[in-house]
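Shared between the two complexes below is subunit A, which pairs with subunit B and subunit C, respectively.
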Partner chain A sequence: MIGSGAVLHVSDNSGARTVQCIQPSGRAWGVGDVITVAVQKAIKGKVTAGQVCKAVITETKKEFQRQDGSVIKFDKNACVLVNNKGQPIGSRVLGFATHELRARQLMKVLSLASRVL
Partner chain B sequence: MRLEKCWFCSSTCYPGHGITFVRNDATVFRFCRSKCHKNFKMKRNPRKVKWTKAYRKLAGKELAEDATFEMERRRNRPEKYDRELVHKTVQAMQKVEEVRVARQSRFWEARMNKAKAQQQQADKVQLENEIHLVKAPAAIQKDQPKQKLKVAVEQTEAMQE
Partner chain C sequence: MVLKTTTCRFSGLRIYPGRGIIYIKTDGQQWLFINRKAKSLFMQRKRSAKIAWTTVYRKQHKKDLEAQVARKKRRTANRVQARAIVGVSLEVINKRRSEKPEQRKASREAALREVKERAKKTRADKAATKSSDVKKGGPKAAKVMPRSAPKGGKR
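And now, the complex of A and B:
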């Protein structure tokens, strides 16, 4: 569960390393949700530190229940940077992607991911 | 739906039960209940925890190696669908299950027979060592001279003759 102020790892090659969630809170955000983030730390790439962009949450430490009743959780909080249309900024997705993204029409992220759970 | 085995206790994870944890190195850990999940978080080794299948097999408490366990095994090569094969497999599953249960019960009986003999031996030793708890020491001493006297009387009688 990601709230405003949370710091997430970035699991793509957009150049950002960590980002901070600046989505106005109202509820906690989970896997598959698109949130607004501020890039905290970036290496040379398509984004720079201080930039504001959208990101889709791909992994959460907090366990979440899936459609089939199973419960799953990950080691870290991670996201993939996307543009306003939901297209990934980077050209690779290095971490995991879950089938929850399919329901949110984030097919491009899913197809780039090597590990789909 | 595939019924996976619990990483910690090796029991079956039924749909809607337990939790799945995906580590950063993409290892998937499935747990059948929070008990197993908690033990995993405590970094306990399933081989050293007495109630797990891993421990029981390692300690020789359950049948560990048997051909019947080979039936239920994860195979990486997908099998092409064949109606005849499915029919045969279902029949074989029932038969293998019967054989497995019979072998396991036989193993348990053999183990219990051994344990019974050991227990009886241990009881015997305990009775000899702790007889004073059953019978007062004075009463035991009272019994012993009588036997000696009897022997002595018999000896004197023999000598008189």
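And now, the complex of A and C:
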């Protein structure tokens, strides 16, 4: 449940710490969706504050349901920065990645992630 | 088909497939809840040990022990049960088994006394027949007399 204006943590080593969702909210975005974000806070890295780029949502506070009926919920909203082709900007994914990314052809993000659910 | 179940980390109840909420914390801990009620209580930082319907509470307050104890007792009783052995029926064995040591001793003494009395009686009978023989008198009895007579005299 990520809408326009939502602030997300960045769980990779691209240099961004927090980003703000600036995707026009036709609907609420969830895990696996690629959204447009503006980098709010960044340390020294590949991106700087104020830059606009794409990001894939990896964790949401709002629980989401799988085909088998199980429900997963995280305790923060987090994303991984990607380029227009869906390739991650950073070289590491620090937080969780879920199998929902597999359906969106974001295999590179999945393979970099250390913890896959 | 065997259903693979997990347990709720708050209430301790079984979670069947298709149910339950996985809550993943930032530190990587996974918390499984059976329903929204358990999750909500956990989020409110309630302790499951203080909520009466959880298994933790019931274990602490020894709620489900009775049924378990009863089941155990029955099992042991079955194991000890006696069987009838050659010549001795089950009833007799059970009767003997249920007797108390005092009772057993008493019955034993009674039996002994009876045996003794019987022996005494037979001896007395023998003596009586002998004495009658003596009374009848005869060449044979005369020989026996000197032995038995002094005894009788003393008495």
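Note that in this section the second predicted complex is superposed on the first by the 117 of 117 C-alpha atoms of A that agree within 3 Å, B and C clash if a C-alpha of one lies under 4 Å from a C-alpha of the other, contacts with A are read in each partner's own complex, and residues count from 1 in each chain.
FYI, a residue touches a chain if its C-beta (ideal position, glycine included) is under 8 Å from a C-beta of that chain, and two chains touch if they have at least 3 such contacts.
Here the structure is a predicted model, which is why all the values come from computation and not from measurement.
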| item | value |
| --- | --- |
| Joint occupancy of subunit A by subunit B and subunit C, clash or fit | clash |
| First (subunit B), second (subunit C), both or neither touched by A:Leu117 | both |
| Which superposed partner A:Lys76 touches (first subunit B, second subunit C, both, neither) | both |
| First (subunit B), second (subunit C), both or neither touched by A:Lys61 | neither |
| Contacts of A:Phe96 with subunit B and subunit C, given as first, second, both or neither | both |
| Where subunit C runs into subunit B (options 1-9, 127-135 or 145-153) | 1-9 |
| Common interface residues of subunit A - those touching subunit B in one complex and subunit C in the other | 59, 63, 68-76, 96, 115, 117 |
| In the complex with subunit C, residue positions of subunit A that touch it | 59, 63, 68-76, 96, 115, 117 |
| Residue numbers on subunit B that touch subunit A, as the complex places them | 1, 15-16, 18-24, 26, 28 |
| Touching residues on subunit A, where the partner in the complex is subunit B | 59, 63, 68-76, 96, 115, 117 |
| In the complex, subunit C residues that touch subunit A | 17-26, 28, 39 |
